[in-house]
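When the chains are written out, they are named A, B and C in that same order, and each has its own residue count from 1.
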Amino acid sequence: MAKRSEHPTDRATRLGLGLVAAAVAMTVLAIAYVLGSHAWDAFRFAGTSLATGSDWDPVEPSFGAWPFIFGTLFSSAIAIALAVPIGFLVALFLTELAPRWLRSPLGILVELLAGVPSIVFGMWGFFYLAPKMHETFEPWVLAHAGWIPIFGEVTPGVGFLLAGLVLAIMILPTITAISRDALLGVPRLEREAAYALGATRWEVARTSLRSAKAGLFAAATLGLGRALGETIAVTLVIGNVAHSKLRLFDQGATLASTLANQVGEASDPLMLSALIALGFILFLLTLVVNLGARLVIERPWRKHA
Amino acid sequence: MEEARVTSLRRKATNHAFTTIAALALLLALVPLVGVTLYVLQQGAPALSWDFLTQVPKGSDDPTSGIGPALQGTLVLTLLAAAIGVPLGIAAGAWLAEHGRNKWGDAFRLLLDSMAATPSIVMGLFVFAVVVISTGHFSAMAGGLALGLMVVPVVARTTEVALRAVPDPLREAGIALGATHARTLVKVTLPAAGSGIVTGAILALARVAGETAPLLFTALYSAYWMRGFDKPIAALSTFIYQFYRDPTPALRQQAWGAAFVLFVAVFGANVLVRILTHARSRQP
Amino acid sequence: MNTIIESRDLKVRFGSKEVLHGITLAVPANEVTAVIGPSGCGKSTFLRALNLMHDLTPTARIEGKVVFGGKDIYAPDVDPVDIRRRIGMVFQKPNPFPTMSIFENVAFGPRLLGLSRSDVRERVEESLKRAVIWDETKDRLKSPATDLSGGQQQRVCIARALAVKPDVLLLDEPTSALDPIATAKIEDLLDELKKDVTMIIVTHNMQQAARASDNTAYFLNGDLVEYGPTQKLFENPKDERTEAYITGRFG
């Protein structure tokens, strides 16, 4: 029996919506193309030293963005190290361990962290936390554990650690929310079976953790993606000095913060191209991390269903 | 028997310990929330006054100096973002919900997620390269476009989820009455998904209202009331960025005042929406 | 007997699985015809084939004919929108449109047809009266349809289906989600409405079929086992499978 043809209104709607969807889909590709082509001049000028060189001096001109790449990675690594364990624990608490009536209100509170504008976090970090770091925390750490090289030797307050801390606070709601979804996705039957065997709440939570592994990995990676791209809060608390040693208390700079800082100084075309190159590198970085997370979520989920 | 009781005690202790640790983690997570809120309210409150909200910035120590243009700018930019991003997002989400359960849909979702993951400053740079460079000037339009592009993927996703959640029997009832798929989508499915779509849009718009980075390369900044969509425009976020470290204390105070207003607006919208959604999902 | 709709060797497949194996059944006009059988026998599939609802399922394949108004509704040049106006459907679970008021629910169909505002209002009142729910709703037409009880909602759905003045009304287990009193009210309705609208009702409740229908068709595993006047089928079934089902030996 022949399949009847589509009603004309339906056909028009389907094509219309599809057109819009296609246009939106092109945007990401457009971003890559546009940024790439504008950055081309800088890449041609500096070659691979754009990414590996450490001398960023628009006057010379010399464009070595390695310290910024380093700063982006280092500050995000700190953020992940802080936010992932706490995020997982909070997610566990909200899905298994907390008393039922508290779960929703507490969940809302954690989500609200995502509702604070990033510049406000930056100001809080710069005016409130940085002095505390500079006057109290950093000197104390150096006095007691200064021989460990990761701490560095100076106490400016602003720097990688503070940036990592502020980033951690900002990505925490994302990690918690996705981890929560992952844990809630563990089939009820599994948890009930564990309870029926006489397991304590914590023991059931532990087994859920194992089942939700893929989703938890996705949560961490998506958090990482957001940390890599965060601009303003980091700009305010990282110091914006091009250091690239693994020292927590050192000041630093990220790809995003450099862009934010040098926006006024993009006078000559080569400099502009170099700045756009920074944006391009950042774009690639976040794309790779996020696509990686997506691929991990998509597959194991299908196995479950 | 004795052993079983001892093990059971140890397990109970572990349970208790980890529950406490997890609870402490939660409290730790909430400390910054409380800290930031109190700090902003405390620092910003002294700056507030009717003049502050309605007057132009007058530099330095003029006590009638205000953030009027910045407020206007944030509103205009958010409306632009809504006008551009919400319809596109809903259309994309509708396509995904109705026609996207196949590999094309998966590919599109991947691209949408990539778009959502694009750092806000990169989005600003993109619009800069496409609009500002070609037109030769910074503009409110460019700023609205950058923010709108950030809104699209979020609204698309929430729209898709909301539409998928509409139970099939409702769609079938529409079709059985002789409506076309298109009519059913517009008259039955979309309205039924309405609240989910609206909350998603509001949350997305609240977020972009607080953004600074995408405006740096597009809308730039202005000290005056809006002079046209093709001219630079002020915004609360860029105002703060401009003056937060100014040597003049009065200007720094104004930056705090602006931060107060921005915080209350964005955070407040979040609180309202989240409480409303959780309240509604509690209903049968 | 005056046949209003009939299937001729109707086969329905989902993917590679054939669910209905060649059903030939003629439904007389202005009577209530019940379709009974154990779960999974294909009775709902059959019903949905009558108003082209399988168009919504991508894996569905239909063979054979369904003749209505002298034409096969599966012919490629037939407009499904028109068919569905003339052959309406009421679903198992009451499904009023949640964002609309009672009035708007019933007005949905007439508005699609482009009736004028006063005609729409008339049609809504008429339909609510035919569904015997006018008295209970006339003072709250603007309130949400979801405020009503289950039985009332189902009668509103019947009114909504009647509002486009169909020739045939298909009812897919319309009372299975309702309490006995609501069920009785709807069974009474069927008897009244059949004067203008032919009813085809799928039910898993044999007593309901025996009470409320003029003809009964018994389906088993995708086949039409027996079909005839209700009284005769229940008192003196021709096929032993029918007898086994109605005496409760299985199903």
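We adopt the following convention: a residue touches a chain if its C-beta (ideal position, glycine included) is under 8 Å from a C-beta of that chain, and two chains touch if they have at least 3 such contacts.
Computed from a predicted structure; not experimentally measured.
**Student:** Compare the CA centroid of subunit C with every other chain's and tell me the farthest one.
**Tutor:** That would be chain A.
**Student:** If you average the C-alpha positions per chain, which one ends up nearest the average over all of them?
**Tutor:** B
**Student:** Could you put a whole-Å number on the gap between the CA centroids of subunit A and subunit C?
**Tutor:** Here the centre of subunit C sits 55 Å away from the centre of subunit A.
**Student:** CA centre of subunit B versus CA centre of subunit C: separation in Å?
**Tutor:** Taking the average C-alpha coordinate of subunit B and of subunit C, the gap between them is 47 Å.
**Student:** Based only on mean CA positions, could you tell me how far subunit A sits from subunit B in angstrom?
**Tutor:** The computed centroid separation for subunit A versus subunit B comes out at 17 Å.
**Student:** Subunit A: which residues touch two or more other chains?
**Tutor:** 7
**Student:** So which stretches of subunit B touch two or more other chains?
**Tutor:** Residues 180, 183 of subunit B each touch two or more of the other chains.
**Student:** Could you list which residues of subunit C touch at least two other chains?
**Tutor:** Answer for subunit C, listing residues that touch two or more other chains: 81.
**Student:** Which residues, counting only subunit A, touch subunit B once they are in their complex?
**Tutor:** 7, 9-10, 12-14, 16-18, 20-21, 23-25, 27-31, 34-35, 38, 85-87, 89-90, 92-94, 97-98, 104, 106, 108-121, 123-124, 126-128, 169, 172, 176, 200-203, 205, 222, 225-226, 228-232, 236, 256, 259-260, 263, 275-276, 279, 282-283, 286-287, 289-291, 294, 298
**Student:** Applying the document's contact rule, which stretches of subunit B touch subunit C when the two form their complex?
**Tutor:** Touch residues, subunit B against subunit C: 167, 169-170, 172-180, 183, 187-188, 191-192, 194.
**Student:** Okay, in this complex, where on subunit B does subunit A touch?
**Tutor:** 11-12, 14-15, 18-19, 21-23, 25-26, 28-30, 32-33, 35-37, 39-40, 43, 88, 91-92, 94-96, 98-100, 106-108, 110-115, 117-123, 125-126, 129-130, 133, 149, 152-153, 156, 180-183, 185, 206-207, 209-213, 216-217, 237, 240-241, 244, 255-256, 259, 262-263, 266-267, 269-271, 274-275, 278, 282
**Student:** Could you list, by residue number, the parts of subunit C that touch subunit B in their complex?
**Tutor:** Those residues of subunit C that touch subunit B are 51, 53, 56, 81-82, 84-85, 88-89, 91, 93, 95, 97-100, 108-109, 112, 157, 160-161, 164.
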